[in-house]
Amino acid sequence: GYAKIDHHRHLRKGFPEVIYCQGKTVDQVAQIFHRLCQASQGNILGTRATEEMFGAAKELVPEAEYDPTARMILRRSDSTPRRGMVCVCSAGTADLPVAEEAALTCELMGNRVERIYDTGVAGIHRILDQTEKLARANVVIVVAGMEGALPSVVGGLVDKPVIAVPTSVGYGASFNGLAALLGMLNSCASGVTVVNIDNGFGAGYAAGLINKLAGDKQ
Amino acid sequence: GYAKIDHHRHLRKGFPEVIYCQGKTVDQVAQIFHRLCQASQGNILGTRATEEMFGAAKELVPEAEYDPTARMILRRSDSTPRRGMVCVCSAGTADLPVAEEAALTCELMGNRVERIYDTGVAGIHRILDQTEKLARANVVIVVAGMEGALPSVVGGLVDKPVIAVPTSVGYGASFNGLAALLGMLNSCASGVTVVNIDNGFGAGYAAGLINKLAGDKQ
Amino acid sequence: GYAKIDHHRHLRKGFPEVIYCQGKTVDQVAQIFHRLCQASQGNILGTRATEEMFGAAKELVPEAEYDPTARMILRRSDSTPRRGMVCVCSAGTADLPVAEEAALTCELMGNRVERIYDTGVAGIHRILDQTEKLARANVVIVVAGMEGALPSVVGGLVDKPVIAVPTSVGYGASFNGLAALLGMLNSCASGVTVVNIDNGFGAGYAAGLINKLAGDKQ
Amino acid sequence: GYAKIDHHRHLRKGFPEVIYCQGKTVDQVAQIFHRLCQASQGNILGTRATEEMFGAAKELVPEAEYDPTARMILRRSDSTPRRGMVCVCSAGTADLPVAEEAALTCELMGNRVERIYDTGVAGIHRILDQTEKLARANVVIVVAGMEGALPSVVGGLVDKPVIAVPTSVGYGASFNGLAALLGMLNSCASGVTVVNIDNGFGAGYAAGLINKLAGDKQ
Amino acid sequence: GYAKIDHHRHLRKGFPEVIYCQGKTVDQVAQIFHRLCQASQGNILGTRATEEMFGAAKELVPEAEYDPTARMILRRSDSTPRRGMVCVCSAGTADLPVAEEAALTCELMGNRVERIYDTGVAGIHRILDQTEKLARANVVIVVAGMEGALPSVVGGLVDKPVIAVPTSVGYGASFNGLAALLGMLNSCASGVTVVNIDNGFGAGYAAGLINKLAGDKQ
Amino acid sequence: GYAKIDHHRHLRKGFPEVIYCQGKTVDQVAQIFHRLCQASQGNILGTRATEEMFGAAKELVPEAEYDPTARMILRRSDSTPRRGMVCVCSAGTADLPVAEEAALTCELMGNRVERIYDTGVAGIHRILDQTEKLARANVVIVVAGMEGALPSVVGGLVDKPVIAVPTSVGYGASFNGLAALLGMLNSCASGVTVVNIDNGFGAGYAAGLINKLAGDKQ
Amino acid sequence: GYAKIDHHRHLRKGFPEVIYCQGKTVDQVAQIFHRLCQASQGNILGTRATEEMFGAAKELVPEAEYDPTARMILRRSDSTPRRGMVCVCSAGTADLPVAEEAALTCELMGNRVERIYDTGVAGIHRILDQTEKLARANVVIVVAGMEGALPSVVGGLVDKPVIAVPTSVGYGASFNGLAALLGMLNSCASGVTVVNIDNGFGAGYAAGLINKLAGDKQ
Amino acid sequence: GYAKIDHHRHLRKGFPEVIYCQGKTVDQVAQIFHRLCQASQGNILGTRATEEMFGAAKELVPEAEYDPTARMILRRSDSTPRRGMVCVCSAGTADLPVAEEAALTCELMGNRVERIYDTGVAGIHRILDQTEKLARANVVIVVAGMEGALPSVVGGLVDKPVIAVPTSVGYGASFNGLAALLGMLNSCASGVTVVNIDNGFGAGYAAGLINKLAGDKQ
């Protein structure tokens, strides 16, 4: 009995509960993953999962998969065609795990995702070259560490909601992502909202909800 | 000289530039407001404006109005019917200025807005009683100071994006809104994104972009 | 010589000294545990103890037990019936070690404890379903990490003192429990007091003192 | 409009809603105070109230009183004899407003209160001289600014719950009460719980709930 | 008495001591300004000066001037032609006082200064349009508040040293310039160095030293 | 009522209680000052006092004096010759109030004081020129704001204890004296200890105790 | 090459340079220790040294010793009788390494040291029982973690300088010693000065300088 | 595809992209290093590289070298004579890795570098002895941890730009370099600019740009 699984959530939120694996024991993760897979036909996700947790989950759910970059355990089961378009931009190579956590979460919720990676503001032409692709998105996720300036630039280029994800990439006065977080919260571009440091999952989930609202319109 | 008005913004962002009045002189505010009104037929907004700034702006733009709760100067000119639905919830009476800044910004962008005020989590039935109204919104803005717990509760009740606005309401260890900000960034409810402390404008703007995506669907 | 055991404490505080094992060497823990067991007939506790410390203590005190979730060494000796009722609520699975440290401390002081676990605010019905059980408690301990919102909700449901325990569960802007701590200190529910991050022991001890005051009244 | 008064609270919490006046307009305070007085026969309180707010409230509720030290507006109406005993200690003269906010709140909830003021730890005999009085209390509130050390000393002297209230008294590295808050949260005395900086109200309310549990026992 | 004027400084540093007026009395400012004017033939500067300080200084030094935007008192005396080129960029209208403090300091040290104002990153074309002018500078000062992203963009466009000046412009999580400061320290563009929040003087001085090194080369 | 004067202190600490006036009402200050003057023949001090407080105190104690730079009320009564030698160094003109609070406190405790002012590290020869005078002191107080580097330099020049006093002089990232405080705590010179930001009184008092130990030796 | 040993220091400061071993390689420590031993006849110290560093140092300096509690390498060579008296108090068992670093440093500088350990304020009689011993000291070092309240109590008991050493002992809101540091800086007892978190060396050194001033007086 | 190499940078910035290896996988580092070496004839640098990364890079680029102190991988290919002069000063032995990162970066950009190491301010004569050498530099880099006071002293000795690099050397209230960073940002010496904590690379790069401006002038 340590975990009350919230089975109403699928009804209330349109997506089953997602397991946040960090801070749980290997055994707890495997058990909860198993129970969720039995209770739902949809895609099941575990974020911040280690290889070891995946191993234990696979024992109980043989069709489980693992994405090492995004550090996610998944059971893919839905075959619904992906709708609309969400763009995921990232500033640097070290931001990839967070960007992929966002992208995968979003895809598993049934959204089409385009990735635009390694486009930090210090080489501004790299993001300007992508203006057209950005314009086709219903919502843009921007992942960046260090000074976290990319969401402001992207927010100025598009007329769609932008979800900014600060990462803990950096050192010294980045204070594990605080600099990027504060930068994004103070963005002078309008339409930018922010999630927790390294919270690729949260950004992907929120972007999925927004893209779903746009529906088949685009 | 001092202000390069960004006239392309209306094209790029679908809404003219909004004046952030704080930190500008009374004269600067009046001049920029005037120039924006001449350059655009749409609604024109100035946020964080004092009565004195409004007085100076009205000299140059006689049809200017002032909303003292939201502390906004506005020239309303569009008569387009409002689309969709955005819900603005707030936790306490002292959060009203920020909630109204959000609501007014959103309305002036052409969105229908419903207000649900004074529903702090310590009397949880007050927000639960509004579940049906919340369910009709395309996006919900939640404004709260002190511990900033309301967005987590609302985020658990709806399957739509929630934009959380921490306010500087509180004292002591609220650290001028830091407690509410951190609480919202760490929300365990999915679908919640966050804007800067007291940034009603930013929340209203982002909510407007999202509601616009939903279009006539609902 | 290194530790002056405070034998007056049992008289002054109604409970023998509890060993805070972290920061002590394995040998120091074992020695102090042994001396306390010899000096008192009551229950003896060591908190934040490793398995290795337990091993060394058991050499000297064969009847010593270890609770791996609560990370506590104990020698149970009293058989007094448990009095009154303390409720321990926790928000998530990762909060269990702290919740159990609170519950066990409280039980060993002679209090009856009810556990209500995994009831985070993002699925609000989970805690609302427990309203009746909560109403029977003399005091409620609420353990939560991340945004730490649960104490505000519980504080609004009961008319008894609530002791809030922030945990270091979370990442990024949770800043190792700071977000939860600030949230709880700013709770808009009255009757809520707070202990240090992860201080299950302190919450259990204070709750025990309060429950003892209620005595056989309930 | 702006304020949904929570009339159920008296039933749920055993005490009517208390108005937190800071951040409300003079007019809002007077109106809410008036409505609460009409809706309840009990004592009605407004905390953090200015003289001006009191003036406006007195217009509508002639029997309203004002306590300038505690900065509270009150309508006293209950004549129930005070029960049990709560001790309120404070460290220095500048802590008086917070100590009185605690004491008055507690008294108006029907509790007997003893004040022990100006007993900072640098003259330790001052608090030691009060040991007997402290021993008679069911719960002790300790109010202190600067290094906030008094609750640790008091917590070591009594076997009852201690509620620590850090104040913003101090300068420099007191950081407006942060030093006292952190000191109290890290108290090495067991049985100590903490409220927000300057939150005399919260301490008085929680102490009242605890003292009520002790009932006629003492 | 109170101030040991450092007359060697002109020799050591190539520029006389500059008075930092904040925190000095009106009388102290006037006296020190007067003494410096008597001791040197060069330009004399007082930063962070009020109009009242200027009044008192003018009594003693009739040729003193005041720049209200930069809040500086000056005695201009050198007529040396200005050398090289320093560019001063600023992000928003409210950053003007700091930008002008930088520009004036730099000019009075004998450097040619070009101003590029109101070019925040949310309208990126505004700074891109100035690429040619930027390319002609020996050193670029970039002044920005809020998220402080402009130095990263400018640093990516030029191959000259960039001095970033965070300003206290903003609110909420800008924490009086901390967000901009951290952003700039973490800039992913190389060649960027940073001065204190609002330290226009320091940036202007350092830029002047750098521009002087370039000499007549350009 | 409100203040338990600690008359034992003169015996225990060799100096009567000193009144910290900030946070007390004008009336409280005057009353406490009066009572202390009646109870003791020695020098009586009130720190952080306004002119208005002095006015009220003088009504009751006609021989009271006021030092506007140090912001102290005093009644001088002892005529004991001053012993030993304490040096008080300060970095800049704006640090004078804190330096004088230290110097006056120290003098009134019966110590001989030498002042060395305006010797900031950016003109290092200014402090090097004073090496001989520094060498004659039993203890050196060093007062500095901004980066607070002076105590490290002085600590390297003398073989006596150095008491460092950070001041709140500065702006931006000085964070009201935090930068200077941290600098001093991390001083690489040995023999340096630190007091609270702006705590001239504390430094003067501790230096007085140390100088008294040296006695007539020098 | 990498280390300029400051041989003048013995002359200037009366004690040879002390090696701060942390952050140096094993080889660097051994070499510098060796060179200092060759250059001086006095006691030589290395602080924050690992066993491995000691091993390497012993190869070069066979008479080197190691104190594992204080984590110091030493070469004892002076046989001067110890002078005066310094008291070292500590609050808890986990504070021992820092207390011993202070005590050993002080002894090696030629001072007599008395240890009073495990006397935390929550059992106040433990320190009160030592009042007489404290009264004999010329200076008292007080080492404490968690809330750091002990220096305030000790400072109120003695009329000698007190040097407070915050330790990083604690968890959660102790923030690695920040709570204790702030508490000590805000001590309401006069005569207390503070050193860096865990800086036993600095406290021992400063106490040694002070005790030396007292000389044979006591 | 994870890394868009910015080949324009060499043209824009006069130096090819530098790889920041931390946060990248061993394989990513090796691949990017290889591609940069193929695309450019100039010197290629990887900072914050482990020995393991170097091993992998050497497989692909046999002429790669590794500097273990500076933790850099390099391919040296240019033989242009070094121009001008940059001085790199450091305060302590533990600052060497950062100082060497700065020095090597600067040298590989074609600048002549002079090292002045182990000259902390507590032995001020060590830096004063180097005044002549400092005077010959076009720009001075000053690397220091703990209180970070050295740049203020150096800034007062030279009339050239000074770039200050705070390091994370220290403990306790150094807060991983925050104390040094704040100290440097608040330097009272003019001409000082600052880079991120431990950012030797950034300082070396900016110094290189400045020295290049001076050209053959000196």
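A, B, C, D, E, F, G and H label the chains in the order they appear, each numbered from 1.
The rule is simple: a contact is a pair of C-beta atoms (placed from the backbone, for glycine too) under 8 Å apart; a residue touches a chain by one contact, two chains touch by 3 or more.
What you see is a predicted model; the values in this text were computed from it and never measured.
Participant: I need the common contact partners of chain B and chain F, sorted by label.
Facilitator: A chain counts here if it touches both chain B and chain F, which gives D, E.
Participant: How many hops, at fewest, get you from chain B to chain D via touching chains?
Facilitator: Minimal hop count between chain B and chain D: 1.
Participant: Suppose you list every residue number at the chain E-chain H interface; are over half of them used by both chains (same) or under half (different)?
Facilitator: The interface of chain E with chain H is built from mostly shared positions.
Participant: Between chain A and chain B, what is the separation of their C-alpha centroids in Å?
Facilitator: About 26 Å, centre to centre.
Participant: Compute the distance, rounded to whole Å, between the mean C-alpha positions of chain D and chain F.
Facilitator: Chain centroid spacing, chain D to chain F, equals 36 Å.
Participant: Indicate the whole-number Å distance between the mean C-alpha point of chain C and the mean C-alpha point of chain H.
Facilitator: Going by mean C-alpha positions, chain C sits 50 Å from chain H.
Participant: Counting only residues that touch at least 2 other chains, which ones in chain F make the list?
Facilitator: 92, 123, 156-157, 172-174, 178, 181, 185-186, 190, 196-197
Participant: Sort out which chains touch which and give me every pair.
Facilitator: A-B, A-C, A-E, A-H, B-C, B-D, B-E, C-D, C-G, D-F, D-G, E-F, E-H, F-G, F-H, G-H
Participant: Which of the residues in chain H end up touching chain E in this complex?
Facilitator: Of all residues in chain H, those touching chain E are 12-15, 18, 138-139, 156-161, 163, 181, 185-186, 190-197, 201-203, 205-206, 209-210, 213-215, 217.
Participant: If we count contacts the way the header does, which residues on chain H are in touch with chain G in the complex?
Facilitator: 92-94, 96, 117-119, 123, 125-126, 169, 171-174
Participant: Considering only the defined contacts, which chain F positions touch chain D in the complex?
Facilitator: Per the touch definition, chain F meets chain D at residues 1-4, 6, 8-9, 22-24, 28, 32, 166, 168, 176-178, 181, 196-199.
Participant: Across the complex, what residues on chain E touch chain A?
Facilitator: 91-92, 120-124, 128, 146-149, 152-153, 155-157, 170, 172-175, 178-180, 182-190
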